[in-house]
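Two complexes follow with chain A in common, the first pairing it with chain B and the second with chain C.
Here is the complex of A and B:
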């Protein structure tokens, strides 16, 4: 039943979008966008209802949910795998289409809505023609469903028990929130793309109107992308017991690339608005932002990561590749129509003034994006050319991306007060003499005390200087100046990044780990602290068995645990016990349990809490900007 | 305009060139299971071995994790002594670091090629049989 209703309504949604694409009357545009939004909300709720009613005649539910799955994870199963996540993708897309229509619609032409509907046709089309989350099950597997149909009103078979979501995904509530955040960020990048292409197509857009709208529409996706990436890192660290937060894994890289590009665009859009320069560059950035999100989906969803040869198995890959071509074509055609407009772009006169620094910022952010992109596709290209499998070590990223980010950090120092005309460095150093000296002294002290690499010293010196200068700036100017939201947003975001850099450099350079073999009711010492290990406790929940091991230092007791999920033959998932102080985390995971003896991995991770604080500050810095949305 | 364009292209070219060079210096090569069984390696030589974890092959023995990996053609039994990442599961691509001894691979380091797509037990996202060349 749910299967048929869902499929029929997907078809309706698809036809409405096609009508919207060809529609010429303004009046119908709004109605169609609204109905489409309602249908997408309905489809989302429908699949949720199916998940909660355990309707295992729907293939997706049989394969990614189970009777014993707890409610929260049942809810989250909707985006637990490809077909369902496209449903969420479409819902976000229709929400953004509605938002765009209400707030940013180009008044003189309908082309932006047409491009938007084309993009939606593309994604809804996938659920209609290729694989629907509502596909009914027509052949059972041992557990779950092995064959399904995308036609409605078929004879369906119902499996008695669902397979359940991936154990990794049901281990912690963060995993339920992190993907939708990223989706909102990803999908939102459609808005600036539509704003730019739609407006530049009509003559009316050839003022800087398009870049203003494109900038405003980038705020929401940028914010959600930042939060999504942060939550992903937090989940990875606090829940997965590997002790790290970022692995330069392709899946992570493809969320980082649009973030870098969007950050670059948020900066360079400003310079276009005030000085009418970098017009063509901004157009390219907006296009790349959007295309990189589709590229990201392609990379993570098509199977190319497993092997280039696995690519031919799934059809989503070809489909997305086709979409990328189509949208690039639209982008290039509209761009080439505007060559004469772009050539009006003013030259940059002051290479050490405001515009110059914004250009440097763009050069380094864009280079970082390019480097991450190359690192991500390098193994794929290598395999295609030489038929030999490789992966890229993380040293690649450390060697290139690290310095780039460090230079960016240095540039932020100058962002506090930038004259339009060239900066007088001598005057600048004279003004901030004391602060520069004191941060240099601090770094020399660190060098002597911690006896560490110059990277650490340079990073600490720059971030401390940035933090101190920002605070001085707050103290001096926050009240006196007429509050300029956009300026202070930037300053707070930079402050967050500086704090984050302190944390990350401490973490990278100072952390260490060791293995301990120990029995119940014994103690071990680590980093001048004694830790007492109790006896393990077994707990049986409907969906999993948990073995908890209490460990206490003098003041608190924390649990490290192994989660063994029923219904799935996967190995256990371990969760860490984290003893947190401001400066460092003592991070303990169980490697192995045998009766009353345990093998523990004990890590001393520096700077994690400082990193989270920095990222938090950077993320919330953007909230006041959203208020400007309504204008 | 034209001059700027050329500068930008040159810059991008330079970055691509430099990062390709650095990338190729930081690559981790690995052998597939079939390759490993064909080539001659001494007992002490450390190599990297990549493949997919075979279903129902994972077991624990003391501190060791024992499982089998495959490239679709040849299987190799792995005896792993090291920290098993949470992402490790059946059907997943892994790269192991260790030595081959009588067709058993003793590994102490594992790299998981992780993908946030759940690979179901009937191989919905990829098929191990299709994987082989």
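Here is the complex of A and C:
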């Protein structure tokens, strides 16, 4: 039943979008956009209802949910695999289409909504023609469903228990938040794309209003992408016991690329508005932001790469490639129609003034995006061309992206007060001499306690200087000048990044680990602290078995555990016990050898809490900007 | 003037720090960070808490204690698992480093040239 209703309504949504695409009357546009949003919300709820009713005649539910799955993870199963996540994707798209129309009703042309609906036709089309989350099951597998149909009103078979979601995805409530945040970030990048292409086409570039709208519509996706990436890092570190928060995994990379591009755009849009330069560059950035999100989905979903996050499924790869081609074509055609407009873009006169520094920012952010992109597709190229399988690991990114990010950190120091004309460096150092000296002294003090390397020394010195100068700036000017929201939110974001950099460099350079073989009721010491290990506790839940090992230092007791999921061939998942202080985490994961002997991996991870603080500051710095939508 | 001198002294002492308090990463740590655990979804032997990585780590430790050279260790792992087990291939395949650097340089050159105002 649910299967048929879902398929029928997907068709209705698809047809409405096609009508919307050809429709010429503004009045109908608004109605159609609303109905479409309503249908997408309905489809979302319908699949949720199916998940909670355990309707295993729907293939997706039989394969990615189970009777024993706890309610929260049943809810989150909707985006636990490909077809369902496209449903969430469509819901986000229709929400943004509604929002865009509402905010820019008076200024947007027909073409904005036409391009929007075309993009939506593309994604809804996937659920209609290729693979639907509502597909009914027509052939059972041992557990779950092995064959399904995308036609409504078929004779369906029902699996008895359901296969359940991927164990990684039902280990912690963060799973319910991290992916939707990223989706909102990804899908939101459609708005600037629509603003740029639609407006440039209809006005033939008679004004810069497209960049203004594109910039404002980047705020929401930027914010959510930042939060989504941060939550992903937190999830992998705090919950999954992987010990790391960022692995340069291909799928992490493809979420980082749009972030880098969007960050670059947020800066260069400012320069276009005030100096009327970088017109063509901004257009390219907006296009790449959008295309990189589709590329990201392609990498994740097509199965071309092996990764933690990849779940491949049939033909979506080709489908997405086709989409990328189609949207690139639209982008290029509209761009080429505006060559005259782009040629009005001003050149840069003051390479050490405001526009110069913003150009450097763009150069390095874009280079970083380029390097991450190359690193992600390198293994693919090697395999196709030379039939060699290689892995591009951390060292590649450390060597190339590291210095680029360090340069960016250095540039932020000058962003505090940038003159339009060239900066006088001698005057600048004279003015700030006392603060430079005090931050250098502070850096020397910090570094005296650490194992040093040149990268560490440079990073600490630059971050400390940036933090000190930013604080002085807050202290002196915050009340003084008329509060300029975008300037001050930018400064707070930079402060967050400086703190984050300190944390990450401490983590990378100072952490170490050791292994301890130990029995129940014994103690071990690590980093001048004694830890006592109790006996393990076994718990049996409907969906998993958990073996917990309580460990205590003098003041608190924490658990490290191993989660073994039923109905799953996947590896067991270990969760860490984390004893946190401001400077370092004692991070313990366990391997069970037998009944009461264990092997503990004990890490001393520096700087994690500082990193989280920095990321938190950067993320929330953007909240005040959202208020700007109101006008 | 005094201040400038202080700045200079501080900069010198900062550059001296790495040689006074060096970072000693053990050979085992270096190697375990550059070996991929083949069953662990993209984690290195150093990062992974799995049994498999544990066994690999034990073999690696033995190799290092027996004083095998880097080449010997490299050949041992690559002959068994293929090239993809090495996560830092840039040491032996310099082009992996040079190609992106070349592409960035071309990008920066073109970008700046486009924006440079002729006087």
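Here is the rule we go by: the second predicted complex is superposed on the first by the 608 of 631 C-alpha atoms of A that agree within 3 Å, B and C clash if a C-alpha of one lies under 4 Å from a C-alpha of the other, contacts with A are read in each partner's own complex, and residues count from 1 in each chain.
We take it that a residue touches a chain if its C-beta (ideal position, glycine included) is under 8 Å from a C-beta of that chain, and two chains touch if they have at least 3 such contacts.
Just so you know, these numbers come straight off a predicted model, no measurement behind them.
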item	value
Combined model on chain A where chain B meets chain C, clash or fit	clash
First, second, both or neither for A:173, with chain B first and chain C second	neither
First (chain B), second (chain C), both or neither touched by A:419	neither
First, second, both or neither for A:378, with chain B first and chain C second	both
First, second, both or neither for A:390, with chain B first and chain C second	both
Contacts of A:591 with chain B and chain C, given as first, second, both or neither	both
Contacts of A:542 with chain B and chain C, given as first, second, both or neither	neither
Chain B versus chain C as contact partner of A:509, first or second or both or neither	second
Chain B versus chain C as contact partner of A:146, first or second or both or neither	first
Contacts of A:63 with chain B and chain C, given as first, second, both or neither	first
Contacts on chain A seen with chain B and repeated with chain C across the two complexes	241-242, 249, 306-307, 363, 367, 370-371, 374-375, 378-379, 388-393, 395-396, 399-400, 571, 574, 589, 591, 599, 601
Chain A - residues contacting chain B, complex	63-64, 80-82, 141-144, 146, 163, 165-169, 179, 240-242, 249, 251, 300-301, 303, 305-307, 309-310, 313-314, 343, 345, 363, 367, 370-371, 374-375, 378-379, 382, 387-393, 395-396, 399-400, 569-571, 573-574, 589, 591-592, 594, 599, 601
Parts of chain C lying in touch with chain A, wherever the complex brings them together	3-4, 6-7, 10-11, 13-15, 17-18, 20-24, 29, 33-34, 36, 39-44, 46-51, 54, 82-91, 93, 96-97, 99-101, 103-104, 107-108, 111-112, 115-117
Sites on chain B touched by chain A in the complex	1, 11-12, 15-16, 18-20, 22-24, 26-30, 32, 50, 55-56, 58, 60, 62-63, 65, 83-90, 93, 95, 111, 113-118, 120-122, 124-127, 130-131, 133
Contact set on chain A toward chain C in their complex	241-244, 247, 249, 277-278, 281, 306-308, 347-349, 359, 363, 366-367, 370-371, 374-375, 378-379, 388-396, 399-400, 433-434, 436-437, 440-441, 443-444, 447-448, 450-454, 456-457, 461, 509, 512-513, 571, 574, 589-591, 599, 601
